[in-house]
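Which chain is which? They are A, B, C, D and E, in the order written, and residues in each are numbered from 1.
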Amino acid sequence: MLLEMKDAVLNYGKIQALHGITVEVEAGEVVSLIGANGAGKTSTMRALSGVRGLAAGSVIFDGEDVTKLRADQRLRKGLVLCPEGRGIFPGMTVTENLNMGAYTRKDKAAIEEDYDRVFGLFPRLLERKKQVAGTMSGGEQQMLAIGRALMSRPKLLMLDEPSMGLAPMLIQQIFDIITEISQQGTTILVVEQNAKQALTRSDRAYVLETGNIVKTGTGADLLDDPSVREAYLGVA
Amino acid sequence: MSEPTHGSTVEQEEVVLKDTSDHDEIAIETTGPDGSVLLEVDHVTLRFGGVVALNDVNFQIRRGEILGLIGPNGAGKTTCFNAMTGVYTPTEGKIRFKGTEIAGTKPHKINQLGIARTFQNIRLFPEMSAMENVMVGCDARHKTSVPGALFRIYRQRPKEEELPDNGIRRAFAKVFGISRHTLEERAGRRRSMELLRFVGIADRAHELARNLPYGYQRRLEIARALATEPELICLDEPAAGFNPAEKEDLMGLIRRIRDLGHTVLVIEHDMKLVLGVTDRIVVLEFGQKIAEGTPDEVARNPKVIAAYLGEPDDAA
Amino acid sequence: ACGTTDTGGGSSSADDGDCNFKIAAMGALSGANASIVIPSVDGAQLALDQWDGGDCTVSLERFDTEGDPAKATPVATQIAGDESFIGVIGGAFSGETRATKTIYQDGGIPMVSQSATATDLTQDEPVEVFHRLVPYDDYQGVAIAKYLTDEAGASKVFVIDNAEAYGEPLADRVAETLGDKMVQRDKTEVGQTDFAPTISKIESAKPDAIMYGGYIAEAAPLLKQIRDAGIEAPFIGGDGLYGADFGNAVGAAGEGAVVMCPCAPIEDDSTFADDFEEEFGGKPGAYAAEGYDAMTVFLKGLEDGARNRADMLEFVNSYTGEGLSKDIAFDENGDVPADQVSYWAYKNEGGTLTPEVEVKPGS
Amino acid sequence: MSQLTAAYRGLRIGDRWDAAPKPVRWFGLLLVVAFAYYLPYLNILPFAYIRTDLTPSGSDWASVLFLVVVYMIVAVGLNVVIGLAGLLDLGYVGFYALGAYSIALFGSKSSPVVEALQVKFGLSEEWAVPFAACIPIAIVMSLVAGVILGAPTLRLRGDYLAIVTLGFGEIIRITARNLDGVTNGAAGITQVPTPPGPEIDGRQFFNTIDAERWYWLALTILILIIWLARRLEHSRVGRAWLAIREDEDAAAVMGVAGFKFKLWAFAIGATLGGFAGLLFGSKQQYVEPNAFMVQLSFLFVAMVVIGGSGNIAGVLLGAFLLTYLPERFREFVEWRPFAFGVALVAVMILRPQGLVPSRRRAREFEDRRHEAEEAAADV
Amino acid sequence: MDFNNLISGLDRHTLDGITRGSIYALVALGYTMVYGVMKLINFAHSEVFMVGTWAVLGTYTVIGATAGDGLGMVIAATVLALLAAMLASAGTALAVERIAYRPLRKKGAPPLIFLITGIGCSMVLVEIFGQVLRVFFGRPFGRVTVNIPSVLETKTVFTIPGIDLAVSNTRILIIVGAIVMMLALDAFVNKSRLGRGVRAVAQDPDTASLMGVNQERVIMLVFVLGGAMAGVAALLYTVQYDITKFDIGFIIGLKAFTAAVLGGIGNLRGALVGGLFLGLVEVYASAVWDSSWTNVYAFVVLVVVLMFRPTGLLGESLGKARA
């Protein structure tokens, strides 16, 4: 088991966002998390990445208890989150943002390779290398955020709504990239509203509802589940 | 969960929670969907240093329609919005709203002219309750300023239904009238509640905006924009982050907004929503308009397919 | 003014023979300028300690104003309203004195200031209760000018001030007296430490003496920078520089600088100096002798049988006596009589101010 | 300390107050006001220990109360600027100074301005602008100054505004000090007029000794100002300020004329500051530039923040404590500034939301605190 | 008004202005860095500088350096004093951050609270030197101006030919020292990995932590660097003016903060430009009129600049420092 979150409870002030959920990710898997707005998907991601602490429960990554570690410490262990709403550094150029992805890395040569890989995936970024990221369009920023996450060479890459705000063609591309990265050996946990795509492409999935896991299974199983189809796929 | 919020700028106890199934009260006066031009983007070019975000873009919005604005990421859609709402001034070209040139006008003036918008990255007033957020929108149409709020001298003869129930106060109000401030506050509260119900989030009216779920926040933005009684309401990716079921709801909401008499301009990447709800679509790419027409026409347009839609069976 | 005590007027509850009084000392006991005030209050304390009161018990209460007029008014109102106070030593600075003298006037309580020297206090708007043991700054201006021309033989003087209530009028007066022997005038700012613009003006004016009206904090860096620039012209300041702190602050650059003060020298081996040192662990500082004298005036009043403010005021108004600092008497404005006006020029030698020459501006 | 605050919280005074029926609230309020008017005479032990004149070297109780109330007016005014509109003004002392100077310049027989007028119009040497006429002059001067300062600078964001306003305060002080011919320079202006009133015991009604009359006057004005300020807060204007504070651009797009409302906030704040200055100058009967150092501005801001910015009760408490405590503990002469600094830091660390925050801020803060505490494990 | 004085001595005034401005600039760095990262005006920074000047005095006293020492001693004393000042200032800055700001951050306090806390810390530090230490150790502590021996005596090193401008060793030290330190810091923030981390936290602390940046460490780093720069300023200041005082930081802090805003707060190069600009304005204006109006000129210039460039001469933000 690469990642294991047990009985996690997360509060925002008086509001309890996660009511003791358990999520597991096996090395090499693509796991997706689906659910309506406010179900707690982002909260799960935040708790996993260490941006927010848990009120109860634990997170075990790569056989090590990381519950008490800060986000930056977890990143060093290979647990990387590409946050919802992109979180690019608005005052830095595209290149500098990518640099930030490699902040903890020292392997110069491999970093160069990864640049090429990211620019290969997103040629638009290459065109805009010197643009200050804050002035880029929503979609461009999303590409940058994913590219930057890849620069960290994660063991487990967590993506929070990577397709949000992207044009249809790009969404397709993003999912292709996810598949590709996964084939290259990175484990992936993805949150998506785009449930159909997400379920098609993932090995397993969890369905969240108001801070609780209500269903779990393989992607294909859930795709066939009538209640899931009704609630999340818009097919009656 | 939704604890009463004392001492807030909205006193909630006076809110009338009657159910208005028909939404007449929030309708605004417009001339209706007569198809006349409401807003005209006239050969607009907008540059940021070297980047040409808009290049000689030219289109019109007609009264009463739902117009979609689509295009690949970075095509210039949001920029176009920003130019229309006074955030940016076009480098060249004109934008006319109801015949008046509005480029270079301050954002709050543009709002008073009758254009409201939502933001691609939600920008509510996070520490104010949902209700208060909408009240700020309502205030755009109110007149009370500092002296009015301080001294409350400006009095109006109230309509029968505005009179207080209490006998003495009633008599007082009949003789001296009620200050415009008080009347506006009451009207604002009533209207805000109706709008929250209209967008479907009245149950959390007194919660801080920052604590609302994402979807609620999006809807709250719409309610707040509607509160300013715009003739034209511009929605920037309102369905971002919605699941299909929620998108379905949103489509209904957009149609109902139009039915109230507002003209709607919507930027959206979700083709199902765009094709399903709009009357006409304008397509941008690299800052240029590459197509314009009914949803059917646009969806079949090879240029659009190549630039934007990709293979017909899209991701949604 | 209210509450615990009955208000106003001259009548006193302490009239019936028993002699139980307080004397207030008001001034900056904390804050940046405390060091030129505390010695004088200590001096007053010493006078009281040495006094054999007979059946009188007198205490000295110290009121801190931080030298700030706004903080001084509640203090003054308190003192004026409490009948057990029979006299006020102070205010130490001119500003707070200006702000409070009408309050004391309303309370009918006599004041004897050890160091407030602003001219207007007695010359423009005199009040009956105010007296001071130091001559006012018009004299000092003349004294400094006189020193400059007569002792230093200067004919081109550069006059600088700190643009504040004390320094500016003093410098004005010096300039006025010097007439065309002043070559140039410049103003600085309190808290300033870089005087480059002033230095360059001095350099081009090539004066043969420099006068500064202000306090130690600015005088020290100013003088250092003057010497650093290689300007050797003599430097003279007013009583704002009087005190051991000046020598400490200016260091070697201050060698030979002159400080004018309306305070007579206290011999190092005088009994006063010894007693003071024993009691407060240091040489008597600025206006210590004047503080001592101020207290003495009031104590003499009590010995004379003054048992309320009105009597005390009357006593002080007509007081004559020999003091540590000078022969004490007050004219109708509360000032030192003209024949007693005398200044001493002190020269900074190896960090201590040593009396150089007496200057009488009157003659 | 924490037990104490917990006990206090346990009482839920605020909630109970809100829950109480209207007549009860009115009655409570009346009691508080009556007590405030009675304060100068407070003489029942043990309560009398709060008096400042019982300690050795203490200062006059009523005078201290007066100063407290003047600073309360300042705090209420500054609260409009900082607490409601969210504009950081570090030069508030400038308006305070203007108020004091306007009554001194026009009302004092010995002010150069009045002297010039006397000469110009051949008036008697005793002539000066009467007190009543000085009030509108002070209000207009500070209001105009507020607008003049605000108009070019309110477009600046947050901390830029802070330094510019700070500069403004200094400019006012230095100008007052250097323009000898107009303001009498550093020597200041004496004979500042006091409000008219009957003579009692051969003294003016408002004199230097009977400070409680000044206190009552100031208190009455304060109550009036609070009443007006509350009206503003709970109106469209208050909401607009809040919206601007939260997100100015979004507010503009929603039709809020940001600049206009900010300017209003500034002008209102300036006027109240000027009014407080006028009271101060008049009671003092002496105005001089050094009474208006920058540090006083900091003190004003500290009052607002310590008490709980945005909440009138809070800022009143802040003004009270920061003025009263140093006076009450005069015995500690040289240690007062040190203690003041330590107390400031300690209070802020223990109660960052202010002593009596507004509910909105308290809630805001609670949320943030929880978030911050849970945000990351501490290493 | 004396424009002749300005024109005839322009070279001299320029040199004076740059000297004054260099010190402003160094102190301004501390404001700008902390502001850039935490959006917080660290009001206690003026006292961080003040502590540095005392460290210089302390060093001289301990090693017994005085005016007139030999070259070896002068160099040794100056270097030691520099290190001591940097250490003391950085330590003070760090202490303020740990004791006062950090608990507030942990509680998520709003910015104004930090401001008032900073003012409180500033008072405490001032009083430590003006009162607390005096009570325990007596002089030189207390509320008086203290002489610092001019170990490095002012000597004219060379005269610029043609304009006949004498340039002294102290001025060279100040100007060169300030500029070198600024360039070094600028390079560090813009070029080094740690510097990039600083900028990342400045722009988006949460995301920065997701990139592996330890936010707490960055904040400490910023205080330490800003403090060290104030320490350098303290040494240069004492070399030029030879004095210190418990409240000496206030005015310099005010000016340095003005300089930081003038240049564009959060922008390192802005601090340099703002500092020099402010120094020149002050000296030029004082040459024409007199120094009692200095603060008025300074603030009027600030307002005028901000009216035309609302985010300062070079614009805002650590992130855009290179743009």
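What we mean here is this: contacts are C-beta pairs under 8 Å (C-beta built on N, C-alpha and C of every residue); 3 or more make two chains touch, one makes a residue touch a chain.
If you want to know which protein each chain is, UniProt gives these names: A, B = ABC transporter ATP-binding protein; D, E = Branched-chain amino acid ABC transporter permease.
In this text, all values refer to a predicted model and were calculated from it rather than measured experimentally.
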Central subunit by CA centre of mass proxy: D
Chain whose Cα centroid lies at the greatest distance from that of chain E: B
Greatest separation from chain A - chain, by CA centre: C
Centre distance in Å when chain A and chain E are each reduced to the mean of their C-alpha atoms: 44
Between chain B and chain C, centroid-to-centroid distance (C-alpha), Å: 72
Separation of mean Cα positions, chain C and chain A [Å, integer]: 76
Chain C-chain E separation of Cα centroids, rounded to whole Å: 37
Contacts with 2+ other chains: residues of chain C: 31, 34, 163
Sequence positions of chain D contacting 2 or more other chains: 177-178, 334, 337, 367, 371, 376
Multi-chain contact sites of chain E, meaning residues that touch two or more partners: 209, 292, 295
Residue ranges of chain C in contact with chain E within the complex: 31-35, 163, 186-189, 191-198, 200-201, 204, 216-217, 220-221, 224-225, 228, 245, 248-253
Complex contacts: residues of chain A adjacent to chain B: 12-15, 34, 36-38, 85, 124, 131, 135-140, 142-143, 161, 163-172, 175, 193-195, 197, 230-235
List of chain E residues in touch with chain C within their complex: 5, 8-9, 12-13, 16, 19-20, 67, 139-140, 142-147, 149-150, 154, 240-243, 245, 247-248, 250-252, 283, 286-287, 290-292, 294-295
Interface residues, chain B side, partner chain D - complex: 5-11, 85-87, 106-108, 111-112, 116-117, 119, 123-128, 132, 135-137, 139-142, 144-146, 149-150, 152, 181, 184-185, 188, 208, 210-211, 224-225, 228
Chain B contact footprint on chain D (complex, rising order): 14-15, 18, 228, 231-240, 242-243, 246-247, 249-258, 260, 264, 268, 358-360, 363-364, 367
